[in-house]
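The two complexes that follow have chain A in common; it is paired with chain B in the first and with chain C in the second.
So, the complex of A and B:
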């Protein structure tokens, strides 16, 4: 009689057959599924830009999840996007290190970097491999001006944003009977603030606004009392700011506390002009105007995404939708390229006429990696919300200009 | 003098990029050597000379701006700029030292004045037009070894290896030379050193100039490697702390301390970032390790090797 151990029962036969089917069948299934496309997200997740970096990451992840849920990149057999997460710590050397690390992990494209100081060397590092790099946030025009064929930016840079701001401010001022004739510029000391203020100072006279003084402040600055006193003494009609989140809010609050009467508080790429500011300091934020990257409020998809973000308890800041749209732009390029081949994706992005976004832009038109179809819009805060006031085509409210006086 | 250690280290360093060919690995090697260089620059003044500084970024930034401005405004070759930046770093080092020591600043007062100088330089470069102000300076991309912009990272690796080897060579020389002995005397007891007839003022100015020159070389290398500098990046407190930290963790006043510190800190920094995506967790791990090292090895990681050597000798 055979021992119990060696008996090959029917149950064992079925089990073995099932195991063999799994062992031989699964690899076939895996082969049938397209390999995921790795997209490197290079944002500052720690350091002084951590909040903005986190917001960018959230926007990019939302786009990746949406694309994957919709069947991935169809022209590549439904290949899914796989995010490689990197923290550039707002340091150039760390940014380069992250790029190299992701390259070894087989990245097909990068999205980043928030800080221009990181984006400049990081894009350079990616250029060695010709890996597409889509700038989601990063205003310096030098990023796209160096002739790197792998670098693309969907949003407008310094120059274009300032031009849009000047054009819009000129039109708003003219429509109100030119109440603003002079301005004081206040900017933070790095490339972003200095570059923007320099352009503004050169262009404001063209719309009949005299620049009384340009004031620079350090990052971080914890007290603007003296600066506010100087502004009060100069009696400008406008205070125009270009600074990051904390300093933007602090300066606005100080001017409000000191009841400095102005025709308006205006900013170009004002880092603190967002829903958080309106929610936390409605009295200070009310009537403030900012030229920035903003979503098209008339687009239902934008409103739906805003609700989704707010439902999670987060704020729908510009980083979220810029990174979201940057990923979508990249995915469109890959879809048209039909391959993750870097050369083909770069060519597809360079020839992009993508219009499936919810920004107040037309179809993309890349010139040396910069989307010339991009446009900044002008927003104004009410006590409870932020409204687009220029250009008229996308406006959700009329401007309050000049703003009511404190007295 | 045991020449086996530096010779073995040099062989390992020369072979490293030939074994680990990936750009990430080579970039890692560049970072280790770069921080070892600027850490050694700090160590020469702070460790060997006993002149603790919180503002060595002033020399680093001077080097970075000097070579970059000479290139952009006067069309100099970056290699000539490298030599000029060493001169500028030495000059700034000597100037700060002369001003500080002339008025008898020592210890923490000297450390604070160096910090103040670094901040003053940062604010100045932020304000001046020819330094590019807050916008900073961007070097045009022209890949060529003659232009100190190597097409492959390996070129940068061997350049920084040469600079770091020079800095280690200087540290070895300091251990064996009369100048080094005079510095040790000043570090241990400045009044006693003066009583022995050492011109403490002159020796301290000399060591600061030497340290400044080496640190400035690191600044030029940084500018050529990343091709972009701005005041916050090169004169920021971060840089001063980084060079101080690699020395302290590795072992101040030792020849290989900065190299060991740099290797560990770069490894920990890169590794913790690679293993976790959780926001800030890498920094928490990094910080915890620093606390442990400082707590259990107050003289730096070099102590670990010393302990082993002693045990071996006893055995």
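So, the complex of A and C:
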């Protein structure tokens, strides 16, 4: 009888295992097209932040395509931007690896990383080569506080966003007769959530809101039922959340299901507060308030881009327009530097007074890599849309505060 | 600690365990018969959840009504996968099956990522936010349904394995495949049927999860890692072990979340896993 002897040798086994581990753990680096100025996009395309990473990449690619269609970087003879597409998998070590790989591929600047946890080591890796790194999303202030000369951020970080959020919340609360006197903070465990919650806890008393408890949760979390129980037991007026998309939605949904009565649910840089949330879970989203980066609704270019994104069946989330504007900011720097020389581009970005964006900011003014001209606004969801409710200058609706009770 | 909160946490934990049970039962069945860890289990769950999602969004079929359809479709998918891919290319070697299922999971996840993007999808059905008072806890109806359905389906599966001819053949193959072949059982077919049933469980699990959970290309990881722990805890290949293990893990996760905080809730699971490996590596219900 012929035996079916296995040809699966030890060598093959080791090879196959190595191939599998490469596929799981090592970043993928794809080259979009072969053109002169290479810009590395370091976003989480797979893993638990994949949606946000995909949105960031889309925004960045729209800007790159627009710049190239408009004749590229004119001061460099119309040099086109070429995107190097990286996947940081939302893992710090993978982010560093992507940066190193792109460096090998001759990258001139980076855009990234969506998550602060990845941005911290990734910018440091890029600093070894002095390669400009523009942070599109990533709120930790440590990203720009470490004295790295190659790191720039257009949008406000934790501190400024929390300050704006506290200021706005204080004004909204005061205008409503101070119905909110206490809060429970719920945050995710990484740099973003922990940092935001710490700042909030320190600053909320200044607007007369007592912090009853700070609750941390893991990423990912499968069930928030117990957390909802504890919140109900504490009877706070506000639940203030700082977490990423999936946990933000799951927590909001659980609190809604458990009918936890609150004056409001508030967040600073709430990862799941977007059009998709309103569309999928309108009952849950209604009345939720978030402090975040928002486009200037009065700017026709913002509205035109929103239409373009929506026409493709996508949502105009903050990742899209922040990454878009980050690339435009970088391109402006390169245009003024007249060269892809890293030193010159870094100097041009540091001296930037760019105002051709559609954010509710003034011209850029960089201090230690942070744009001090950036400002966050406060939004509230209705059943069908998201309205800006603070500052009054950009507001498209009045706040519903306190929100109606379940009973 | 308030007794009401503690009681509610126990109920939440048991319900959570119920939702783990179906994923774990399928995994333990496949292990019990084929003696392999099915690395593609999480990806197949993800696929089933997308199936349930699209049946609801495109064909307006309620997830609960879709259970028979999804169970049949996932059984067929599992059967065909085993016959056409896993069985054919494994050449009878267990390590090959491991690698094939691992490869399959990578392919499935990336295909899902390509077609559905990294976006997580959430659905709302009329009963999504309906709550039921269960002692001290207010539990969402979908979770209660999922728990009861898990128990019923586990019991049905146990009955099927114990009482039907196919079930007997599966047990025979699991115990002694050469002996089973000698008495005329088509072992390859039983392998494929077992793999199909294991995957079919995921069809039911997906329909029960989707009204209260999100689906994304990586959603399988969330459940399958817990399912692996449950299978080891209960005893690899044991149904009752998988069910009891699920409830223990659900309770542990819920209570350690309550006492240690949600960020450390997972520690309880890992701790149990380590203790089991140290003191009873074959699991609670192993023979």
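By definition in this document, the second predicted complex is superposed on the first by the 372 of 407 C-alpha atoms of A that agree within 3 Å, B and C clash if a C-alpha of one lies under 4 Å from a C-alpha of the other, contacts with A are read in each partner's own complex, and residues count from 1 in each chain.
Basically, a contact is a pair of C-beta atoms (placed from the backbone, for glycine too) under 8 Å apart; a residue touches a chain by one contact, two chains touch by 3 or more.
Since we're looking at a predicted model, the values are computed, not measured.
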Note to self: Looking at A:355 after the superposition, I want to know if it touches chain B, chain C, both of them or none. Which is it: first, second, both, neither?
What the structure shows: neither
Next item on the list: Name the contact category of A:206: first (chain B only), second (chain C only), both, or neither.
Entry: neither
Item checked: chain B versus chain C as contact partner of A:190, first or second or both or neither -> first
Next item on the list: Look at A:221 in the shared chain and tell me whether it touches chain B only, chain C only, both, or neither; answer first, second, both or neither.
Entry: second
Check: Thinking of the overlay built on chain A, is A:54 touched by chain B (first), by chain C (second), by both, or by neither?
Finding: both
Checklist line | First (chain B), second (chain C), both or neither touched by A:96 | finding: first
Check: Between chain B and chain C, which makes contact with more of the residues in chain A?
Finding: C
Note to self: If we overlay the two complexes on their shared chain A, which of chain B and chain C does A:281 touch? Say first, second, both or neither.
What the structure shows: second
Next item on the list: Using the superposition on chain A described above, determine whether A:384 touches chain B (first), chain C (second), both, or neither.
Entry: neither
Next item on the list: State which residues of chain A lie in both footprints, the one left by chain B and the one left by chain C.
Entry: 45-46, 50, 54, 189, 216, 218
Checklist line | Residues of chain A that touch chain B when the two form their complex | finding: 45-46, 50, 54, 85-87, 91-94, 96-98, 100-101, 103-104, 117, 120-121, 124, 128, 142, 146-148, 188-191, 193-195, 198, 216, 218-219
Notebook entry, point to check: Can you list the residues on chain B that touch chain A in the complex?
Noted result: 22-24, 27-28, 31, 123, 126-127, 133-136, 138, 140-141, 222, 226-228, 230-233, 238, 269-270, 273-274, 277, 279-280, 282-283
Note to self: Give the list of chain C residues in touch with chain A in this complex.
What the structure shows: 2, 5, 8-9, 12, 16, 91-93, 95-96, 99, 102-103, 106, 109-110, 113, 117-124, 128-129, 131, 137-140, 213-214, 216-218, 222-223, 253-254, 257-258, 261-266
Margin query: Help me check something: in the complex, which residues belonging to chain A touch chain C?
Written below: 4, 6-8, 13, 16-17, 20, 23-24, 44-54, 189, 215-218, 220-227, 229-230, 233, 245-246, 249-250, 253, 256-259, 276, 280-284
